[in-house]
Amino acid sequence: MTAVPLSRSGAISGGTHAFLTRVYYEDTDAAGIVYYANYLKFAERARTELLRLLGFDQERLRQEAGFAFAVRRCVAEYLMPARLDDELTVTSRLTALGGATLEVEQRIRRDAAELVRLDVTLACVAASGRPVRLPRPLRAALSQLLPTSPVVAHHAR
Amino acid sequence: MTAVPLSRSGAISGGTHAFLTRVYYEDTDAAGIVYYANYLKFAERARTELLRLLGFDQERLRQEAGFAFAVRRCVAEYLMPARLDDELTVTSRLTALGGATLEVEQRIRRDAAELVRLDVTLACVAASGRPVRLPRPLRAALSQLLPTSPVVAHHAR
Amino acid sequence: MTAVPLSRSGAISGGTHAFLTRVYYEDTDAAGIVYYANYLKFAERARTELLRLLGFDQERLRQEAGFAFAVRRCVAEYLMPARLDDELTVTSRLTALGGATLEVEQRIRRDAAELVRLDVTLACVAASGRPVRLPRPLRAALSQLLPTSPVVAHHAR
Amino acid sequence: MTAVPLSRSGAISGGTHAFLTRVYYEDTDAAGIVYYANYLKFAERARTELLRLLGFDQERLRQEAGFAFAVRRCVAEYLMPARLDDELTVTSRLTALGGATLEVEQRIRRDAAELVRLDVTLACVAASGRPVRLPRPLRAALSQLLPTSPVVAHHAR
């Protein structure tokens, strides 16, 4: 995590994006904890803000470039529950970048406690739903985040 | 309510549509009751099934006729809370039918107890969001449900 | 709205609380706009943050004082739709404060455009669901926000 | 799938539970398809109805036996998207049953097309969140559903 306060879109540091989100009544269920599907919403908010920080707006990508990200696979491990009023940090780290897919490792924490681990595979799809290659500028921006990228290695680590 | 078992789309009797829906964990919150916004989902499921019973599929209306219903106004009164596992009946009664708008009175009950009252004003809109007149066949079908309709008055009351 | 950047909990100025929230995919529907029930989530986030700014945490109120707020009535007028990626401002103004109830006028805007108007009546309830009087410190804090309060009139306007 | 019409709670046949659920506007997003987190809601509805068919009500289990199921792990593979108005079948098959955990293989289909595969590991937890052993009657009922159960093998396969 960064020492400086996070903007609403979070911050990228050392190839890891950190994003804060709050638990409201809407997220909880009668067991008094966050409903298991809602962590996937938190994770998607974080991915959206990571793209926004890189200069890419999903609504504009959809309208101008005619494409969107579709989740192909999501592995969620629930270690500890989040509760009403918790402030959560979602960290996102790009772990693979293919021609039309990418893999993101996401962790949801409350302070130092890791609550949920999500490993998400996304595909770049056209409006038709068919897979398409990532647009070159988006791919270039994302590749900066890869752990093996020399740019990241030299400047940010 | 009708004596015969309701189909998944519910049933229309005496101008009133009745529809059953169940409360799951996803609908509840940390206070142990259904979250206040989620009753609006139940109400919309009921309106959708009422249209389906009349022969109108919202997805087809959107793709073929290029229009959708937009909620213009919704008044919700919360009398008693619903809880996990409750089976709820949503009744819907058309109370007004204009050129491009309609008003629906919806009540959510658990057995005999009235839990939530919803009065909803809907507008017929084009894909652009501009108001458009209700397509004639849909309007004809809906007018059968009006309390002042002689057809309803003679046969169903 | 205030000229200074809003904190995550928003800011109170002249008796009006302003809170920023972002539209994500989870909030939208197949019509390409925010689903009508989800504005009620945005409104509740704003009310929660208003309470937090006043020093009251809903989860602590629930666990320590054994009470919660229940929505009794909600009138929503939908003027214009919000869309994916919109940044919305929710303003909340207390308009009435009774022994066990309060009324809040909430407006959801995108820049200068008013999108949704919500008038919400809340009741203070015990864990059992029975109405209870507002705890004195909470009532004192809320009364500062009333438009007729001389404190607000002298200092903040 | 069975030839007889499913009840609201679905039906169990050959150790597999089948449950029908409909896609409404609330489930879709601006991409025109079901939002990826919402399939987890469909899956949980199905698990809840499977328990109900076996005679176990989650709200009663929570209040009387003081326990609930917590999802420990969920692997979701998204093969094809579901859309507004789709009627989906969720099939659930118990694949493992430990002292305090169980594994369920769930598949979401539209007609013959498999859309989403979910493999879910659940733990039995007390109100405190601590793992507890499955109550004996529930365990007995569930063990009937295991593929290796001789009862299932003789009568239903």
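Every chain is named by a letter (A, B, C and D) in the order it is written, and numbering of its residues begins at 1.
One rule holds in what follows: contacts are C-beta pairs under 8 Å (C-beta built on N, C-alpha and C of every residue); 3 or more make two chains touch, one makes a residue touch a chain.
None of the values given here were measured: they were computed from a predicted structure.
**Student:** Measuring centre to centre, with centres taken as mean CA positions, what chain is farthest from chain B?
**Tutor:** Centroid comparison gives A as the farthest chain from chain B.
**Student:** Between chain B and chain D, tell me the centre distance in angstrom, where each centre is the average of that chain's C-alpha atoms.
**Tutor:** 28
**Student:** Please work out the Cα centroid separation of chain C and chain D, and write it as a whole number of Å.
**Tutor:** 37
**Student:** So which stretches of chain D touch two or more other chains?
**Tutor:** 25-26, 30-31, 33, 37, 41, 44, 59, 62, 83-84 - these are the residues of chain D that touch more than one other chain.
**Student:** Please categorise the chain-chain contact pattern as a line, ring, star, complete graph or other.
**Tutor:** Here the contact pattern is complete, since every chain touches every other one.
**Student:** In their complex, what parts of chain A are in touch with chain C?
**Tutor:** Per the stated touch rule, the residues are 8, 20, 22, 24-26, 41, 44-45, 48, 52, 57-60, 62, 83-85.
**Student:** Quick check: in the complex, which residue numbers of chain B touch chain C?
**Tutor:** Touching chain C: residues 30-31, 33, 36-38, 40-41, 44, 59, 62, 68, 70-78, 80-81, 129 of chain B.
**Student:** Quick check on the complex: what are the chain C residues that touch chain D?
**Tutor:** 25-26, 28-33, 35, 37, 83-84
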